[in-house]
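Here you go, one structure.
A, B, C, D and E label the chains in the order they appear, each numbered from 1.
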Amino acid sequence: MSWNVGAVVGLALLNAALVLVLAPLAEGVMRKLRALIHSRKGPPIRQPYLDLAKLLAKEDLRVTPGLFYAVMPSLTLGAVLVLATLVPMGARPPLGFAGDVVVLLYVTAASAVLMMLTAFASRSPYAFVGGSREMMLLMAVEPVMAVALVTGAVKAGSLSAGAIMEWNAANGPTLSMAVAGFALLLALQAQAGRLPFDIPEADQEIMGGTFIEQSGPRLALFRWAMWAKQLVVALLLVELFVPWPRFGLLPVDLVLALVKAMVVLLLVAVIDAVNPRLRIDQAISYYAKVAFSSLAALAFAVIGM
Amino acid sequence: MFMAKLREAVICFKAGRVTLPYPAAPHDPEPGFRGKITIDPDLCFGCGGCANVCPAGVIFLHDAEQHARILELHWSRCTYCGRCAEVCPEDAIALTQMFETATDRAEDMVISLKVFMGPCQRCGRCFLPPTVLDQMDVAGFHEAGGGRP
Amino acid sequence: MAAQSLLGWCVALLGVGAAASLIVSRRRELAGWVALVAVAIAWVPLALLVVAGFSRGVPEFDVLALPSLGARLAVAVDPLSALFLAVTAVIALAAVLYSVHYMTHYRADGVAKFYPVLLVFFAATIGVLVTQDLLFFLVFWELMTLTSFFLVIFERESPASQRAGLKYFVITHAATLCMLAAFLLLWRQSGSFHLAAAREAMGVMLVERPLTAHLVLLLLLIGFATKAGVLPMGDWLPDAHPVAPSGMSAVLSGALVKLGIYGLIRVFCGLLPAASSFGWGVVIALAGTGSLLVGALTALRQNDSKRLLAFSTIGQIGYICLALGVGVACLAEQPALAVVALAGALLHLVNHACFKSCLFMGAGAVLFRTGERDLDRLGGLWHQMPATAGSTTVGSLALAGVPPFNGFASKWLIICSCLLAGLQRPIFMVLGLVALFASLATLAYVLKVLGAVFFGAAQRRFVVDEVPVSMALPQVALAGLCVLLGVLPQLPLRLVSPAVTAAVPGGIPAAGDVLGGLLGISITVDGATVAGWAPLLVLATGIVLSALVWGLQRMGGATVREVPVWNCGEEHDSGIVRYAASSFYLPFKQAIAGIYPRLSLRAPRFPSPVRRTLEMDSWLYLPVARLMERVSHSTSRLHVGVPQVYLMWIVLGAIIVVGLVMVVAG
Amino acid sequence: MAVAEGAMARVVDGITDRLGQQLIEASLSPPDTLQLVIDPSAVRAATEQLVRGLGARFLISIGVDRRLLAGDFGVVHLFSMDADHLFVALDCSAAADDPRIDSITGVVPGAAWSEREFRDAVGVEPVGHPDPRRLMLADDWPEGLYPLRRDVPYNIDPPPAEGVRPRFAAPPEGASVLAMGPFYPVLEEPAYFRLFVEGETIVGCDYRGFYNHRGIEKLGDSTLTYNEVPYLAERICGICGFIHSSCYCQAVEKAAGIEVPRRARFLRTLLLEVERIHSHLLWLGIAGHIIGFDTVLMQAWRIREPVMWLAEEISGNRKTYGMNTIGGVRRDVPAALIPKLLATVAEVERELTAVRDAVVTDTTVHARTRNVGRLETAWAREVCVVGPPARASNVAIDARLDHPYAAYDEIVPKICTDEGGDTWARVVVRLNEAFESIRLVRETLAHMPDGPVLTEVSEPIPAGRLGISTVEAPRGEAVHAVLTGEDNRPHRWRVRAPTYPNLQAVPAMIQNQMIADVPITLGSLDPCFSCTERVEAVDVTSGAIRVYSRRELASLAKRGGAGR
Amino acid sequence: MLGQMCKKAFGRALWVYHANAGACNGCDIEVINVLTPYYDAERFGIRLVGSPRHADALLVSGPVTRQVAPALQRLLDALPRPRLVFAIGSCATGGGCWFDSYAVLGGADKVLPVDFYIPGCPPRPEAILYGVAFALGLVPKQVAAEHFSQEDIEQLAAGKPMTREVRT
């Protein structure tokens, strides 16, 4: 494999920076749509940026002393940004050679692990309930994501996300990829922490659950991480499963990818607005069904459909 | 289920955006709204009927000296029932339409009025409460420092 | 120095150490230090031996010969042996160091039963790993089993310990019997107990008497898988691990069960020709998958820290077996993937030794200070035992396969090999996905342990100190190893690669060709790079980005204030509002309750045969135990309650088996 | 409405059969309250006979300090004979020096809180009560000081009792405590549910309420006059304020025998139904919010808002209408407003129909509400649950039909019941009731008579009369009992809000549910803690019991005045 | 510089935690009403949050009852600084009609440092919006303490306008 150090570093930074900067924007647009569904005007699209800025200047209340607790939010957002460098955005993922789809799955889980550890470290019983729910949700939703990505790997004959994207771009839509993409879309809802699957946070039940003890900059970073994660997973979805059309020109492909991701996120926002929160047992059985159904995608892929 | 979601979507989008522009544009209440209390110092002659019927005990009377009586209206805890206006023989107390009463200082929510009592009770113009129930209770005013009787 | 004398020194030093520690056993700590010194000195020749084994291999030499039986104590150290020797050596040193202080809290039992036996156990383990002769292999194996049995039943007064010991004894000896039978069958074919002869014999048998050949393989599979703790035969493991002293638990998990894997590799890569390996590969992989799934899900519901870790060992051994199975299955068709899988298996074995020993020591440290193994009662130890907490966290995350810790590198290899092999044989893909899911379950239970032991609040206030340095040091060192091996997987891979090559005598692509990578590992199949993992690069990216984000976090100039936990406005006793360990993931556990055999079952119900199969006690252990009981009753005059008597029965049984084999084999 | 003589005779006969000489006196307090003075030792037997034998429903217990009137403490247990449109007041006396009375909680589980409350308020000890902890007084309130006794000033401010800690039930083995409250976002009001959870499952709970206890009853019968109390009553609850003021006025009117003009009765009916419409829409939104379905909140409240504007136009305020006064209402509804009212109601009906059609087929909503918080019919009767929760458990009680008031004898509502007993059933019942309310508004407007809206009260209200009134609030039946007194003010004013009995059914409803179900289960009762806790503060153990002297009591009163 | 920007954002994204300290529900309902379509406080970045840790402002409604006071103080401590305290409704601003009841301590300022008062019983949603807008400096204050004095009875008898003193 030939690669150029400068290009890799540049692209990696580009991906990370794009996700970091655009995630609140995407959230802002989603909020606007949500407000529209609520028949109201809604906050300005830049509201998430204001939220973050405000939180960054707020007092940081900590229930647990120590460096470990202090750096958790940064590590969480850092992990999500690493995820961004493993996901194709207009081009092959910059660090694609360093991490394939299996790595991608584990890094996705790693950011959740950091959140859960923070939740447990914050000692609040509600955070424990939230963390426990987050883990259960992860156990339910990661297999769906795994099946979707592996389906791509079967089609492309490679575990590299870039290879899957290129194969799909070159070969056009297939049944198995369509089913897998749909499964990933369903998984995105939970990965993004959106209704009906925002069970670990559940303001009305456990008062923010995982994040109940987080305030100020810590909360800002966790929120940012959540928004970044939803954007990254949406980008992964559109780049791997809907990569067409492809012009081969980085800026064009990149903008196209972002637009497609935004459309996916708007869909997520609509689902978010028209559903009540499910109970954790309902969510588990829902995703168990989705996971088993998504095996169909794998079966289709194996028989070449 | 999808039909249900569709129906919900119809409800949502049919209504459109209903958000009122307030506070950029005024949104005044209809006449008859019971807003902030006001007192016309020219009309009040210090009978204290208002103090007697106020369920929240907003109005206090102090007899500061022989000829001067001070009415204090702590309207921060006003319940806006309008009974004071109802019983006021001179219509000195009234409820305005004003509702934009937010403030950053508790002292702002006080009205005080120093009334000079006429030596001859102002030619017999006495306050007559409108109902018998109220008439029964005009025995004493809310005293300074003592709270409600 | 010649390999021969190195080995001699090594064994001699361990022997001397055993004797010396026996002499001073009245003084607990001193005995420990003596044993430690013995092991430390024995390290030197052992290390030299390992280096020699890796660099050029120690050619075979005879120590002792029994020509009448066709057996000779032939010794050789190839990279595969060297790898296991290295793992055992590291764990041994760490475990003995850890035990010095740990053993002081056993008031009722003397260390005379511990250090000497432990050192003999190490010597026996070395013997097992270097012997090229099946008969002597069996002798060492038996010695190893017996010594470990004594270590398991160390706590004389504890009925649980005695019960677990008996179970261990019965099951492993049943397994040894299987192995003996298999070796005798091979010997019947070749007339020699030597490994090379056995390999030839196997080749011949597969052609001439395939039924017998497969019977041999089956017996060996049962024999070694039992030791390795693969379900269902590994049922002894969850009972034996928790009751052993924690240092021993670390050794059991870190070294002993690995010998089962060693045996499996020797048999299914070494004895079995590649051409007929696919079926056996699938069998091993299925057994591994079953093990990893059941191990992980059962660990999820454990509330005893050490028992949980024991089930976790079953799960992780399952991973190793899965990879081994995939490797064996791919030997003929996709040798490149076989390299990936076998490298994954061996790498995971190395990694597992690091983090599981670390975790057992951590659990032991908590037990040492608080006297509690029950997760429901523990809590809030993070600030009181920072070193233990930190190393347990690292070990746990490594166990769960969180990048960039070492567990991830090997799990990644294993899952990639499954998925890639699955491109040809879809069954492996399914197994890979199951493994992926099980690793989430693994994550769930390690988070539960961390959450319950170190975070949250305790049911009763523990005011404890960190454990002494001698106990903390091995934990921290092993945790450091977890990080190091995770960040630089090339290092262990350089040891693992020759071991893979050595394991498959039939020839296999050089691991370097398949597992290349400048900064990490990348898998190249047929000239195309299909997967890659560069921890250093990803970690560097993560650190850089996290640092930038940290800058963001500080940007607003937020001040920090410490506050009490928000509990909706009322004040609570922290012991009451704690989240009990048994509460973790309860809805999930309820959703999958169907697979737990002893629970009252809810939908979805698994078919009853599955449950009955999983209920190993009833059909595997209990009948054997009952049989033993009956036999010992009927020979009650001979029964003196000493395990050695059982050993006699084993020997008698062996003779009978040999006789049977003679009859069967003609 | 005239009370059937037969019903009265039947009750008196039934009680006499059981009690014999222990029934001291039976009299009818017009128009519909049968007062039975009984020997205190027979209270359990009398209750049993009433509830089991005669089918009466327990309403509330009133503890009253009658030392100035009759030299004793009185405990009055109120019952309702729904089919006969009759109230039965079981009047027992407790000695002034050692006030105690047999507890009836064993017979009527729903009486548990009432009895704890009179224990806290006037110090009458319910003997044999299964759970005699503090219910309504603050944790730091000193033991032995009973705020509703007549010699305790309404503005007493005793120094906090030292070292007093609330006493709670211990969690079962293996369960941990999850505190819900006092500040818990969906409760809106402070209340403390101490949930015992295993994982996500509730295995038990304990409750500490009365954070909202403001001492309304004490203010009402010690410092305010008859005509000031309606405004206080209105502030018992900000959602159903008009219900409370109507209920209070009706109780006084009954006691004093004041005839309310017909138009005033129709106006009250109109406003009561308007209030029900807004309350049910409000509840629908809140229920949606609780299960995370904010779109329902937004849309339901959007539909509701014109109703609020209309209320403001009619009464001058969006919520606390301030319309009621003894003898009628203070403002008339101008004829010009009626078309607007009809149009608004029609619009609400149209929108609400759309919402109903959408919600009834929404399976995700079903997933969160069906089989959640089930309340069995039998248990609903035992703990005397009222309102939509009762009707959703197929207990057909509705104060509008059982004890017709205002204009409900002419405008007859249809009762909406459901057999489900779960949260979904409560959704259905409330939606149907909203439509029924819309119909009632139309009908009221169609039959609205002309005439005055206020009867001038011309003579003093005699003391010592008992007036009981019930009003069907959106959340259930509210009961006000007024014992008239001297000084132009009630001697004792007792309020039973609908949430009071409903809340007592919660432990059974959330047992074995999941954490996520608790908020919606609570929400489905539409709890209103401020109504429930109008009187005093729960569960305190303390060392020494202090008895305060009269002078001490006076010295503890807050310094009043403008400076405060 | 960026830090300054962050500090400026405070008023543009006010997350509020709503605490009922013994209110009748009227104000609570109006607080929620402010978030609903017709008033939509989210236009100004105002959101209700579930945990006090996330909040910038505490909305207190209701008179502070004796029982709730300690919890209310703990609640304020749980809020990160800078923080605002709004007293909403007549009860929170002054104690309402139970300001001197035995079970009530008085207005919210008896227990907490109140920054802004929004009177009303209950305040209209517009009044709450106005109060928040006033707190954010978007609208001017419209009330001030009024002190009147009928200085001279003769002057009054002569029909002359009296001296009116308004102090602010």
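As a working rule, a contact is a pair of C-beta atoms (placed from the backbone, for glycine too) under 8 Å apart; a residue touches a chain by one contact, two chains touch by 3 or more.
Owing to the predicted nature of the structure, the values given are computational and were not obtained by experimental measurement.
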Separation of chain D from chain C in steps, with touching chains one step apart: 1
Intersection of contact partners for chain A and chain E: B, C, D
Chain-chain pair with the highest tally of contacting C-beta pairs: A-C
Centroid comparison with chain E (C-alpha atoms), farthest chain: C
Farthest chain relative to chain B (centres taken as mean CA coordinates): C
Centre-most chain, if every chain is reduced to its averaged C-alpha atoms: A
CA centroid of chain A to CA centroid of chain C, Å: 35
For chain B paired with chain C, centre-to-centre distance based on mean C-alpha positions, whole Å: 81
Distance from chain E to chain D - Cα centre to Cα centre, in angstrom: 29
Chain A and chain B, separation of their C-alpha mean positions in angstrom: 55
Per-residue multi-chain contacts in chain C, two or more chains: 555-557, 559, 561, 563, 566-570, 577-579, 583-587
Two or more partner chains touched - positions in chain D: 155, 176-179, 182-185, 190, 199-200, 231-232, 235, 289, 295, 298-299, 302, 312, 317, 320, 364, 514, 558, 560
Chain A residues counted as touching two or more neighbouring chains: 37-41, 53, 55-61, 125, 129, 132, 203-204, 207, 212-213, 216, 274, 280-281
Interchain contacts (touch definition) - all pairs: A-B, A-C, A-D, A-E, B-D, B-E, C-D, C-E, D-E
Touch list for chain D against partner chain E, complex: 137-141, 147, 152-157, 182-183, 185, 188-190, 210-216, 218-219, 231-232, 235-239, 241, 282, 285-286, 289, 297-299, 301-302, 305, 308, 312, 317-320, 528, 530, 536-537, 558, 560, 564
Contacting residues of chain A [partner chain C, same complex]: 1, 12, 16, 53, 55-66, 68, 71, 73-75, 77-79, 81-82, 85-86, 95-100, 102-103, 105-107, 109-110, 113, 116-117, 120-125, 128-129, 131-132, 135-136, 138-140, 142-143, 146-147, 150, 153-154, 157-160, 163, 207, 212-213, 216-218, 220-221, 280-281, 284-285, 288, 298, 302
Chain B - residues contacting chain D, complex: 1, 3-5, 7-8, 10-12, 15, 18, 29-30, 32-34, 53-56, 60, 62, 72, 74, 79-83, 86, 95, 131-134, 136-137, 144-149
In the complex with chain B, residue positions of chain D that touch it: 155, 223-229, 231-232, 235, 295, 299, 302, 309, 312-313, 315-317, 320, 322, 326, 330-331, 351, 354-355, 357-364, 456-461, 488, 558-562
Residues of chain E defined as touching chain A within the complex: 3, 5-10, 12-13, 15, 36-38, 40, 42-45, 49-51, 53-54, 56, 78, 80-82
